[in-house]
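Each chain carries a letter (A, B, C and D) given by its place in the written order, and its residues are counted from 1.
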Amino acid sequence: MKRNISTMIFLAGLTLMGACGEPGDGTSAGTESGGIVEISVVGSTTVQPLAELLSESYEAIDPNVLVTVSGGGSSVGVKSAAEQTADIGMASREIKESEIQDCPEIVVHTIARDGIAIVANPDIDVDEITMEQAREIFSGEITDWSEVGGTAGMITVASREEGSGTRSAFEDLVMNDALISEMAILQPSNGAIRTTVATTPGCIAFLSFGYLDSNTKPMAVDGALPTAENVSAGSYPVVRPLNMVTYGEPTGAVAEWLDFIVGEDGQAIVAAEGYIPI
Amino acid sequence: MENETTRMSTEDYSLYYGKFKALNSINIEIPSNRITAFIGPSGCGKSTFLRSFNRMNDLIPGVTTTGTVNLDGRDVAREDVVKLRKKVGMVFQRPNPFPKSIFDNVAYGPRLHGLKNRSELAVLVEKSLRQAAIWEEVKDDLQKSGMSLSGGQQQRLCIARAIAVEPEVILMDEPASALDPVATLKIEELMNELKKNYTIAIVTHNMQQAGRVSDYTAFMLTDQNRAGNLIEFGATKQIFTTPVNSRTEDYISGRFG
Amino acid sequence: MNKRNFSQNMAFGMFWLAGIVSVLIMAFVVGYIMVKGLPGISLDFFTTSPRGGLSCDGGIYSTIVTTFYMIVVTLVFATPLGVGTAIYLTEYSSNTDNRVAGRMVSIARFGVDTLAGVPSIIFGLFGYALFVTAMNLGFSILSASLAGACLIIPVIIRTTEEALKAVPAGYREGSLALGANRWETTWKVVLPAALRGISTGILLSAGRIVSETAIFFVTLGGSYRVPHSLMSGGRTMALHVYYLAMETRAFDKAMSTAAVLVALIIIMNLAINMVTNKIAAK
Amino acid sequence: MTSGSRRTGLEKTMKTVLLVSALASLLIVLLIFIFTMKGALPAFRELGVWEMLSGTTWRPGNGEFGILAMIAGSGLVTFGAVLIGVPLALGTAVFLSEIAPGWIVKIVRPSIELLAGIPSVVYGLFGMVVLVPLVREIPAPGNAGFGLLSASIVLAVMVLPTIASISEFAIRSVPGGYREGSLALGATKWETVSRVLIPAARPGIISAVVLGLGRALGETIAMIMVIGNSVILPAAITGNPLSIFLSRARTLTGNIAVEISYATGVHESALFATGVVLFVLIMLVNSSAGFLLKRGAR
């Protein structure tokens, strides 16, 4: 009987202790166990596949490192780095002022840039729109393809959900203060957006460069097609950074991995996946 | 009855299900090493009364009692229920062997009460099975499941299981009502053997059975409030031939019930 | 009379239709997934881990491992609690010791009924708030199992209760009459007799863990590496299907993984039916 | 220590242990309530409970957190699922318990059990690649396939097994005497089913439907894959009022799952508030079963 009570108190204590949070060890360095250094990476689902690829390539070079990449979203990524529950946080957007205020110690490493392409269903016969038209289409003012020079047909807008890094970048860069139409189909991921655009007649959406393929039709904006070359040349305007966030300057294996990413081999992978090297 | 020693007795014993009085102030003395039969129509409370001796009624929510039930002069309510049930064994209406081997069925009780030694257990199991007159039928395969036996064998296995904890009293709640006549006869013969060593109380529907096997008979009947009363208690021969109470006579002669 | 026969025939026709439609739906869903998914399945598919980020090459090895871990760890948490609760509710509820015990039973019963109605996304939200964030366990097998355990505890309780209730009362009486106490009776007689029933409950729960996505989406992290400790994140097969369909270019792999998942569920159902039939045969 | 006192000690210990485990479920429920409430409190305080419940606009970027559209979305999709699923489920239940020959039962019942076991993500996938394109074929302006109809069909299939198997059990549990009594009076089998069996099994059927409702309200992953997730009050898109089902919508569950990854601050809190609303809604539905049963018993 007594033992039961003490077990319960122990468990309750454990819960409370956990609730207070454990202090981290100061900087991001990875966790070593049994000769293997583990780096935990958490955050944006846009960066996740790229980070996975980068970790696999790096582990081929240094087998003593194990990088585990988890999703959770950009905000969770920044929070995890700030609270040191992960070695690295991933964010597919700029780090917000409020986030830096909450934790001034965080250090941002831009590992690539990502263009955001405007894509349409392959059957659409419009090849180019202006920034202004894009704004009006996504805000719901233009509702028919004939208004932008195509064959008459209803425009169906698809968009990422509110809060997504891709969406907030798109809103900053394209929408200015206009709001994306409430009628838009909202999908919680780039993959779902691509499927939606590819299969829905008259559909238009925005999509991270990494997800472009022949099933969707990229549109030129103000005369520039969404390609890495045009981004590098500065003619394609819709671009956002892909960031890694650490708590303090990284050391050890974490620093080495980040160096690998921004180095030649890492950036080659970035380019091969359709993103823009820095 | 003067020459008998009393093994169990009740004094002004009443039992209630919630507010409903099921047994009304029963006084009885059950003699040692004899078979005492409880007879009466359905619902007269004879099974409930039998289950009072090993406090099986404790399991039913809302049961309260007044008066006392005594074993060897001591109130069973004050006794540790585990010790009480070790001294007062029970055999149920439907044979209820556990889904275990024959050996484990019989060894179940002794193991509970702390006997671990394998060879001592084996001796005890054999002795119990012999006493229950089933040894010859099962000795070749004690690892066989108790459930695989016939109904009559199962009931004798249950008797062996009850004997194995070396009780003083064995309560039998209509032990043969689910069995065929041949199996019933075997159980009755067995009871006659067992009374040498044990005190037996049996509830039965079957008056012929009571007449055949018991030394004493208690006749119970419900009163106008549906509470069970002890109407008459005496030597079986006397109850069946010269009952004092007219209601006993009516029941015995088959005028009701 | 003819009118009555006519309405009977009409009605029965509808019932036949309903039964047939139900089977057709099953056949169509399962058939579609299998037809689209099976061509992508080879031995390699089971023995290699996903790799290659967005293109998601490779197989599903690590997700099988994670699924297995999740089943084991979740059951370790949930089984004692679930079986314990069921025992208390069925074996101890009739105890007349005191009023408090009766009150406890109804309080516990209320808790179980409420828990059974909680939707899985709430378990996910709760797991995220308590285990991932407040207790600092991060996206890990541990966090996800704790949240997952909340989902299956009611399943285990319900099936165990049914199994215990199916044990004949005579077993309990027989044991108690031999001087066994409640616990000895439960442990030595009732539980062994209910074991098959309880094991179907555990299989059923394992199935729920295999199928669950919403909870793990917000607590498990989704790393496709082979997990190496309770604190590793991971990706179950069901979660992998979601990621494949929603986050990568590998839609065909999503179908193949879904096919494996459905096959696994079919096998588990067959196992459950086998166990139940054996109980029925007894 | 004697064997007897050790046995008694074990008995008492186990009783406490079992009681503690029995109370664990309640503890979990309380913890869930506390943590969800704690998360939701800032939003309720800052935005107002009523404002949230009655607000139709959800634009976290603008600080607008109305969840009425999601409540409507959850309600409508559940209604749609009931409309499609309940007749099918009850029909199947009657078929299995009263009509189907043994060998057919042996095919139908495992099929339904299998339907119950298929992961919701697989239903979502199936909905995405099969149902959505089919629904898209319905000619109506703005119909993209994603929406309430696709979601309702998927959901109907998902609740079918729950409702069918519990109802079947309820009908089977009707005492055989009822059946024989009715048939002996010259009633046809159909009259027996419709006038005797179904009324007698009504409590079980009601709780089956309510349980199915709870399931439907709680479904997440399959919903976000097919419903379109737009935060709008669903409305008919053509003159035909039924076309409301071609409208896109978002469920309460979907709102949480879709945005929790990105949310911080009030936004995150508003998602916990969504969770509280969902929790309360499901509790109401589940307890209504008890209420309906009591009324039915009278």
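Following the convention adopted for this analysis, a residue touches a chain if its C-beta (ideal position, glycine included) is under 8 Å from a C-beta of that chain, and two chains touch if they have at least 3 such contacts.
Everything numeric in this text was worked out from a predicted model, so none of it was measured.
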**Item:** Per Cα centroids, the chain farthest from chain C
**Value:** B
**Prompt:** When the mean CA coordinate of each chain is compared with the mean CA coordinate of the whole protein, which chain is closest?
**Reply:** C
**Complete:** Contact tally winner between B-D and C-D is C-D
**Request:** Take the average of all CA coordinates in chain B, do the same for chain D, and state the distance between these two points in whole angstrom.
**Result:** 53
**Prompt:** Just curious, how far off is chain D from chain C if you go by their C-alpha centres, in Å?
**Reply:** 17
**Message:** I'd like the Å distance between the centres of chain A and chain C, where a centre is the mean of that chain's Cα atoms.
**Reply:** 33
**Request:** Take the average of all CA coordinates in chain A, do the same for chain B, and state the distance between these two points in whole angstrom.
**Result:** 78
**Fill in**
Going by residue number, chain D touches two or more other chains at 7-8, 17, 20, 128, 225, 257, 260-261
**Request:** Could you check chain C for residues that touch two or more other chains and list them?
**Result:** 134, 181, 184, 245-246
**Sequence positions of chain B contacting 2 or more other chains** = 82-83, 112-113
**Request:** Pick one for the touching-chains graph, please: line, ring, star, complete, other.
**Result:** other
**Message:** For this structure, enumerate the chain pairs that meet the touch criterion.
**Reply:** A-C, A-D, B-C, B-D, C-D
**Message:** With touch defined as at the start, can you tell me which chain A residues reach chain C in the complex?
**Reply:** 15, 18-19, 21-22, 40, 42, 45, 48-54, 56, 66-72, 80, 85-86, 187-192, 194-195, 210-211, 213, 273
**Prompt:** For chain A, which residues count as touching chain D in their complex?
**Reply:** 1, 3-4, 8, 45, 71-76, 79, 98-99, 154, 156, 161-165, 168, 171, 179, 182-188, 192, 195-196, 199-201, 203
**chain A-facing residues of chain C, complex** = 51-54, 56, 134-139, 220-225, 228, 232-233, 243, 245-249, 251
**Prompt:** Along chain D, where are the residues that touch chain B in the complex?
**Reply:** 3-4, 7-8
**Fill in**
The chain C residues in contact with chain B across the complex are 94-96, 102, 168, 170-171, 173-181, 184, 188-189, 192-193
